[in-house]
């Protein structure tokens, strides 16, 4: 999200800026707020409650409602939820064997339910409120169980939309990130272990990292550019996936048994919904319905398409045939890579990013995986980890101030940004890897991570849920 | 009576069935099967790993016939299932001891 | 919808309020209307037509266009349509046996077409226009075939959006309600009977009840809180479903034959789209892109997730395994229960409502159904009837004026609201049951309700539509 | 799109109109722009950049950002993309045999990727920028690779939304049009041939025709009414489809082999998503969140429903059973027919258009096709060609100035409009047919169009992509 | 020993299986097949073209039994698979030369 | 000649096929079947009603072999299909009277 970078700036030199800016800004805001509110008969009430806003917590500001921005953010939230259910659920379950289809889809669905509740209870507060003296590393408790998220308050990262909308929009990001990890350990993790692991991972990995980059933490302060979550979401999920794949080990029969997807049409539906939903993910990260959202959407579309074509081409050359799964994976790779850049590059930049991402992720999913020999079953690391890293670096290359004054990349005379981006990747990646590993170990030696060989052979649908596709 | 099992190429089913009906054969049972033989299966690609699928989709026709009809039936199947290319299939014949039509309890030739 | 309650209030003490409020309100509205309109080049024409608005029918007001509110309501309408096709179509067809999949999905699709046309011809007018002296019970004829729904007019329940948008948004509610009933008589009703029954039900049951609660009828006046349609849509459909299940009788083979769903992945896609679409259903019921919409969306998400988890947990305990169908049903149960409360409770309230709904509906669908012994095949009553009633009552418990000044529940010192809610349930439920029964009888003794035993055994796909899934 | 017609008018009598209208209009616009911009903290930067807008290319104007309009257009873009992936992909793949399901869906997906990139590189510029002296026939090069599409610029057809949004919205139209053609040659075209054909078709057929009607070309100037693309998109795709069907010839076994769809549920999901997405297609063509968008959405819903019912009824009468595929095809036929009329007719007009379209397209797909004997496999011509033509003519009949002052049809005392509409159909149809034929010939005699008989019998999934549904 | 093949109507499977278990028959193998016979298939409509589907879904039961059990088994199948309507199906019996239980290597009657 | 029918556990198919190929057997036909026997099926839950699925997925291999190859084939199947756990399956052998290769019209051993 670009906005927070601005806030950072504000925070850094409050002493000089706020005194002069905020008063008349607030006047304008309140004036408008009042104007709009008086138009909503049933809510005139709130106008009176204005004074309350005096006692706002550090992360919040008075709501200066812009109905257009709010409409777009409500929509974006729906679109990002659509990415996980049914988008990701279908993308992943379309790649597994018949006996695991339901269980794979159920992972996305169950994680959606789990994370929603945990996010409401503590996740949002830890990621997006003010952590006082620990603010650089973690947020605070001002919004535990979302208390005090009244009708006239907004988050400082989006003053023109209600905080409830900002919170729910962020919730959908917190949902899809753990869900993405599942691709790495498909077909072999116990459902109970998955639930425990994901709960811990949200608390110990996602919430802090989201805070570091977006919530006012130290990484954002360092100037890392991550428009919509290339690092927080995709790199993060990809690394966690790799660790999971290594700790859980390969699927039984991996390498000799035929593990071809049962019904790739499900994967095509899923990839399509991911693509469409990504408009909410990237364009929604402008936190407004404005030109930045527009360019972010255009870039998203172009990079995704370019990556689909480049993966298709590379595969056509090396495998003699352009597989459907290849097109889908390419499109997703492009979406991943453009995520951090969507609001910082221009269309030609996004075209390059897409073309590169398609090739790089092909190498990751097809070549690297077999070379190194881990079983990243549905390429959570191959596409999201590698694509996320590539996107972060390429943002440092193609960011141009002609699109967004907040981001200058190498082509804009600021090669140093590439270093900053790499720092961001390393810090996030290392922290994520270490903590993920620790959580996995804890689960492994308590309730256990993996199903038995027999259960794996019978399939997760029947053994974990007592159901199957007939 | 004879129990004839024929393995043929799927797209030949209708043609063969019509030929048998023409002979006055009123019933048969069809099963979708996978065949392994000289004809090699297709190759599937998945994440760069190309693997051979050894089995070819085939159709199995089972029919019980009067002994004196067996040769005619075999003849009909052969002529109409034949493409001349590898994978055309096989015909197997075993002696049939006893037949019964469930609906009527008829046995032997009347049951066919 | 919250707005109409305000209108109610206005109506009640018109004498004192209107004279002083309305003039300068209208001034403000017109001013803004004019201002905005002049900005839309091709439409300046309409500005001139303003005088016309003098002759507006009782339910209408001059349009004070807010493009943000309109954007959100256009989107919400699309989202609610998405709930029925393909959402509900998939949710239901994913639960039936292979031979009935197409017919089950086709029921939702055909009802969408049927209700759309009937709603345009008479439904909207009867539900949402002014019925003169019968206004307490039924609307009037001002909008038969949607005549006079020009470009500068709005419905008084949403002055900032064009009436055409309000009408279409309401249409999508009128579509999904009868479609929900189908779950109760799956696998055994004649397609022709279904079409006739649904047409009559829309006219005799849905239109009046929608008018009673939202259109200015007596139930709204009584103070029943129903933010987005817990009573009008879900309780209503659930009760009708129960009556259908009882009148049509059980599926042949019910109890001994294995009637396991053919492909639960379809149900998972459907439940996911219901969830996503429900944002339009609940947040759209704010009829604006504002803080109330935001909180409604947050509550929707939280309650749905909580119910999915509680159903999962209860099933895990009692059945030893958390079934996928259980998670899906739980999520839907939560969505149903939060519907009347979405704009009246705070996040902790919605968390409680979700947790309770998951458990209660589990009992309804799994225990009660078998105990009493009716064949509510896909749990239309078990989830929508019971969940709708639970939600209505819990709204009376958790409604808090800190979220919406229009609703005070027990926790806000107004236990009486619970009684009001129960009255609403009883009146709606009894009327719905009686009239639904009458319609069923009429159809039964004319064209007949149920397919023959042979047709049922061969399946509805082939016998009703001459098609099947291969 | 209605707006451009206004622009046309403006262009025609600039001398008299602009001098007096534009100055104070611009003042108002700028005032508002400034007002809104100052509210978006991080972007105040742009306000300063205003002067830049002096050097705008002919097609562009300064952005007068309306966040509500922008929110709706961002949403509409997502909805129209949803129509192609996964909507159309599923609608078509649900109608083919098992061995071709993946390949058929992949065609829509691959075309989405291909057209996106080509549209960014040249398509948009050729269709929507100013072509100088050739402007009547083709656009120019001002936006090759989308250069200069900065943050403060808008297209003159939508001054209240960023040009990036307008461009992407138009891109989704350019995507679905070629994808629609695929229905005509299902199961038999080489994937490589398809990619080459579609690239050429976009450049030589779609871009020019889009320019003629919407981009300022001669057909728009002639007064042809095409609100959302009945001629540009559907008639165009339908004609191209017919030519493809004739040139490629029938599927092997057509007529005697049983070619029943493998899984019509996929088609039902697809048709449903087409329906929902069409809200973005038609209501989005108002390029604003206003009353015109509202009426367009209402009309879309009503016509689609009416056509589904009329097709169902006709089939019920002639085939004794209402098939599911029939309902779906009817709904799509209605959507096609209302497309040019959505913003010009009132609800009763759309009801008639729908009822007629359902019957006419039934005749086209079921009767005409068999009578003439071409193999328009999935009825691209039968539904989109015939429905598009019917819709264009009926727009000339039912357009009423009470809905949109820009369109007067026969019922509004302007029968001449019908002639104009027919002229539009003929010019577009003939040009499309000729050029499509030429492209097909070029491909046929270079890389070849059709797969071998053996490949066709084994299926496109395995032979073109090396994958299959298990 | 005898190898019995019975073609029955799908919805009769459970009933027949229970009857055979009652006889002490501990194993059988079931295949979904398509039958062609006197019973004609349904008709499907597609784009106005209504075509007959000649094949009817059936279930094939295969079971190996001790010779002295054959008649009882056939009897059980007939009684429980019968509806009296066309399409009830057939029973075919062939002599079984040799049987082996893979798990134990047992052969002959013990293997059944 | 003999007609061998073997019921095995699905995941053993590839192993068994390779063993048979090693013996020089060039063709066989495979069918997905459902088995009922000592090995009990899984249990499915649906809306709180847990019901047993009596049938277990199995693979049926049918192959015609020269009489002198029969024992070797049976041996190969037994060794490679065996897990030692209940449900390993059965092998049935019936005398084969007549075989024909459709493509060539060859009969008898040459047709195998």
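For clarity, chains are labelled A, B, C, D, E and F in written order, and residue numbers in each chain start from 1.
The rule is simple: a residue touches a chain if its C-beta (ideal position, glycine included) is under 8 Å from a C-beta of that chain, and two chains touch if they have at least 3 such contacts.
Bear in mind that the values here come from a model prediction, so they are computed numbers and not experimental data.
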| item | value |
| --- | --- |
| Contacts common to chain A and chain F (chain labels) | B, C |
| Labels of chains that are neighbours to chain A and to chain E | B, C, D, F |
| Result of counting contacting C-beta pairs for D-E and B-D, higher pair | D-E |
| Chain copies touching (chain E, chain F) - same or different residues, decided at half shared | different |
| Inter-chain centre distance, chain B versus chain C - centres from mean C-alpha coordinates, in Å | 55 |
| Centroid distance [mean C-alpha coordinates] between chain E and chain C, Å | 50 |
| Distance from the mean Cα position of chain F to that of chain B, given in whole angstrom | 18 |
| Junction residues of chain E, two or more chains touched | 31, 44-46, 50, 94-95 |
| Junction residues of chain D, two or more chains touched | 66-69, 71-72, 75, 260-261, 269, 289, 319, 321, 323, 325, 465-467 |
| All touching chain pairs, where touch follows the definition stated at the start | A-B, A-C, A-D, A-F, B-D, B-E, B-F, C-D, C-E, C-F, D-E, E-F |
| Chain B residues within the chain D interface of the complex | 11, 42-46, 50 |
| Touching residues on chain C, where the partner in the complex is chain D | 38-43, 45-46, 63, 65-72, 74-75, 77-78, 81-82, 85-86, 89-90, 93, 101-103, 105-106, 109-110, 112-114, 116-117, 120, 145-147, 149-152, 161-165, 167-168, 171, 191, 266, 269, 289, 464-467, 469-470 |
| Chain C - residues contacting chain A, complex | 2-3, 5-6, 25, 28-29, 32, 64, 66-69, 71-72, 75, 79, 98, 159-160, 260-265, 268-269, 271-273, 275-276, 279-280, 283, 288-295, 297-298, 301-302, 304-306, 308-309, 312, 319, 321-325, 327-328, 330-331, 346-348, 351, 402-403, 405-406 |
| Sites on chain B touched by chain F in the complex | 2, 5-8, 31, 33-38, 54-55, 58, 60, 74, 77-78, 81-95 |
| Chain B contact footprint on chain D (complex, rising order) | 457-458, 462, 465-468 |
